[in-house]
């Protein structure tokens, strides 16, 4: 093995399972390791730290392995200096580019450390130098790369911090000493507390929702939460908005088809008629202003002046005029809304939840609620530790959440 | 085709899909048919009726086909007289025995019609003659057959009535004219209404529940429902009672393992310790009397003098002393509790729900609640039309149901 | 009820359940009905026909109901003449537009019937008149509407044919008289037969596939099917192509994460590196030509000169340069490939399968294979009767299919 | 905290996640800990070892915690001597009994170590002393406890060995250097290799199977495996055997109802007729001898003189005469077959798989195959590390397995 580097990692290495994942990664990348020192905390809550020498066949492999390990918060003992290379083509990162995580990341250039401004997964890092010599480092998605951008290559000069598990997940710890465990009710209450806390901290509340919210009968609860100020921004697709508006226009009852509800839109012509009606109005906001749409989630968002980003997909009819049909433009619109988000709820949508998880910094607590365990697993297990999954019915969950958060909510 | 018979069927044949299932059955059994007359109701709510000549290769095949069709409410035009044959061995029905449904069934003997006393699926029909010549007909499970019993063979002399869809399922129709559809909340309310109605009619309320009720945090809601008189009888297995009691004794928190909770009992020694403790007491009731168990579902049932039947399975530890370890004895104990049941709720258990569905007459409305769609489908699609499935979280469902039914319930 | 119309429908009304769905629709739309005549076939395979008078509150409601009923093959007794209205705005259909199905549809204008050229769901019907007076009628998706287009409004002058169940689904009937039932093996063989038949008929074979095909280890089987001429066109997203290429470039083993495999792409930097590599090449075809990609599904498609359409989604990284990032352009590219398709297989993707189902005529047999029952249900239950769902493992399914179709395939 | 004890554990503590589970356990039981020494292996494959002082509120709590930790292979530094107490009642273990795991366990008495003969979960340990003073220690299930039995109490004098992960799971590691990953095909081959190996080692092959095996069309593959000597013992319920025999007798086609197949037995009278037929014969073996049953899985087991244990459940009809209706007797019959088992396959049954997992020593490799991920998770995550889960279709899996293991198998 021709190349080696000494790395270190500190934290609750053992009881969070992180160390075992680190060692798995080394093996998966064909590397080898030797644990040089391991300092275990003696008391239950002490952090531990390890210094590990990792080896790979050659330097390119080693750099890829080191980048991989940084997703676990493993940094080089001697961080060195970041190396950059210019992008040569639009939309293409230079070879050996550093592939980002959504963790807090610092980059060392000429001896100074720069905080990455908008941590996001699977991007490059671009070094921006202002005319006055001021430097900034930010993530750039592959599709936004411009020729000449100075992009970090290799893992040198980069440090990544993994949030301590407690900072996010503690919100979900059961209160000690309770005679009865009350998982679902407790979880709703913990989500309510997290949302109140984020709002009190001046943060924004981001929701990501699929059409199942409408089918499950949660429109009244959702509207109440919007009106009470617990929804600042909604990310969704064409389906949620269309079903909500179809509901408002026609009062039809797709929702009673248990389990299958989200698949029945096609062939049900109310759906396309609702789409055509809003296309005729020009936008959802205009349809609300004109009195065409007088109720529902989209109506509440418009009248309460909340923000929403709707991004389309290949399966869409219509779509609504507000929908981004270009998915890269949709991603850019979503990125523009991520700043200052302090809590994120994901409800009954896998596509938009994964998309949001990609661009949200690891410091934002997120909760994914879905009746399908596999969706919850995908969101909650995304390498970062901010996710929390709740496998339950979104209809009853939102009903309970509204009862918890909205003082005068009387139930659907 | 050597044998034929003319049958007739009346009801909402087309809009309930019954006719298509009848024709499917004939084909599946290798038979053929000719529709002699078809009288369709002209208005939307008129019943229709059909007279069909069915043919099969030989008389034995024809008899089997006719028995099959009776599960759909298809009766012979000329019912004829029932034929009986004596059982020759313990636990064995005579060849060609009539295999029952759980529908209302009448049997004609010497020109008189006798109502089958306890309709149940997959049994034989036994003719009982009292010393004074009085006759009764009742179902007998295969395992309870005694030599000499007079058992009905063939389909002659038997009439079966399919309940009209409305009589059971109408309870679930959404109220007309509602501005918003509110499926989950509406469904909870409909279940609550059905339970109140059954209780007002002097009927008993039967629950069938699995350990998921405990894991989902629904113990407080369930206890409140017991105390408020909405649980007359509970059918369950060893696991529900053990987890409930473990909870009461140790307050341990299996329930927080979302999704996987019901599988973790083994290796978790509190579980076996709870079992041993109750075995030492001799029975659950004695453990309650002695103050060993002071809270929980089983405690509430004992102190409110409600009935429960616990039937074991091969995967059980212990089991609790109250558990029937012989499944046939368990079935008999369940049968003994079925009379006068007017509503049945099935929560988070497939094994005991299927077992209960087998012995419950088709006239009893039943609701199956489970987060797993396949369990709900199995219960709701059992050939009889009394079933209603709700795919949702049992924890939040019971919380909402208790809020609906128990005036002073303040939530878990 | 102020407006009424007499309609008729012919076919296997009862044993296919169609009649009960028709009557459900009438009720769902707030209408009422009277069955005027019902002519039931007497023998088992005779079609039946019904004449029904439907009523609605007003003419607009009636027209909507009639359009709905046409999705079931219910046509007006007196079809009348089609009425058209000009579109006034780009992307907006005129009020009262006829909303299409993907069934065979004819439109009557000036006494002549015109076959709709490309039946597709949820579109409008546009009447094209050539300079020489020649007329054509074709579907137009809402987003492609141009001002001045003559669009059919209302249900008059339109006839829809529902394919007889046998024409598509009979391919799946088990052979009579088989001693053993062999569902999965039989189903694979039936799919193989259907594909051979379509190819022999000069039709094209369309595949729709998700990344699960790669994760399940089916790359060798898929490549063998491409090389043997059983894949003419592939519809997919960015993920399938990227995972396939990542596999080819790095040989990494996402696939061993059972169940969770499709969610782990993010954070696994090989994924973004593969994307960047192909973006640098400029296209997948160029990367194949340059020897950058030397194996895998995309490589086989390129070298065998087969067609593929990749349409992106909001969750994509990269994406690959061949991916349509605008979903409407992606839909158009898919539509351009649908002509002459004689068989469609959908594998492990809900998003692209639904999108394809929307644009595929009902006359094309389609088979959806997925380990997730809910995806299969959504595709197979889309109102048209061409769908067939198989709940199984795509890896083993494709392995068996390749063994069946490719003479020298020796297994993965 | 009043009581403490020093424990030690050795193994691949970090990369297997074991250490984090140990620390979780201590917290879950309300204890505290201090890590005294931690000796980490330096090279990648070195084991590591830790010495930990654990504390609890009182000695009883400490003993319970120590017993819990032994399920992880954590033993007391000073093992001390085992303490026994006599059982006082039938079926009741003494207070403070040691609750077993299915790991290799040794008990120290009077300075000597005795190997526990039949490790099994959730039992007590009974000390048997022969007339000649010879001692043995074996597990005793709670229900088999007799008054006077000497039962181990507390955790002193007990040592538990956790198998190294490699010894079982290595069988599943992908071969290095493979160009393509082929999960499903590779997994089938690994299972085949494991079965051949166990057979070559003179071990017996145990199968646990549910009715889904029949519904999925795998009867021919299963029969071929029986005839080729790859099935020594079958554990199943009433349903598998009944469906198999119904198939043989009537050739009916329950299996074509994808996904729902296992729920449809009731109401389908062939099912009860098959049961009655075998009850009349007196046993399955007799029905085979008499030519009543001439094909299928049960026929193959009988004619090849293989063993089977059928244990009933509350949902059973009939049952077949061979079925244990008392679940405790059924468990005893299963225990009697467990000796010398060297490989266990579990197919499409949760109930009997969990039951088998309870009584099988941790040294036996077991593979659970099911299309339902939650069943696989429950079996594979049972605290011991011998389990391996494969989420796939049992029909295609068995087809592939038979092609792999049976030279002349030509496919279903």
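Residue numbering begins at 1 within each chain, and the chains themselves are lettered A, B, C and D in the order written.
Operating definition for what follows: contacts are C-beta pairs under 8 Å (C-beta built on N, C-alpha and C of every residue); 3 or more make two chains touch, one makes a residue touch a chain.
Keep in mind the model is a prediction, meaning the values are calculated, not measured.
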item: Pair with more cross-chain C-beta pairs in contact, given A-B and B-D; value: B-D
item: Farthest-lying chain, centroid of Cα atoms versus that of chain D; value: C
item: Distance between chain centroids, defined by C-alpha means - chain A, chain D (Å); value: 40
item: Computed distance of Cα centres, chain B from chain A, in Å; value: 45
item: Centroid spacing, where centroids are CA-atom means, of chain B and chain D in whole angstrom; value: 32
item: Chain C residues counted as touching two or more neighbouring chains; value: 252-253, 259, 373-374
item: Of chain C, residues touching chain A in the complex; value: 28, 64, 67-68, 71, 89, 91-93, 97, 99, 101, 121-122, 141-143, 237, 252-253, 259-260, 262-264, 266-267, 269, 271-273, 275-276, 279-280, 311-319, 321, 325-328, 330-331, 334, 351-352, 354-355, 357-358, 372, 374, 377-378, 381-384
item: Contact set on chain D toward chain C in their complex; value: 174, 178-186, 215-220, 247, 251-256, 258-259, 295, 371, 373, 376, 389-393, 395-397, 399-400, 411-412
item: Residues of chain A defined as touching chain D within the complex; value: 13-17, 19-20, 23-24, 26-27, 32-36, 38, 40-44, 50, 373-374
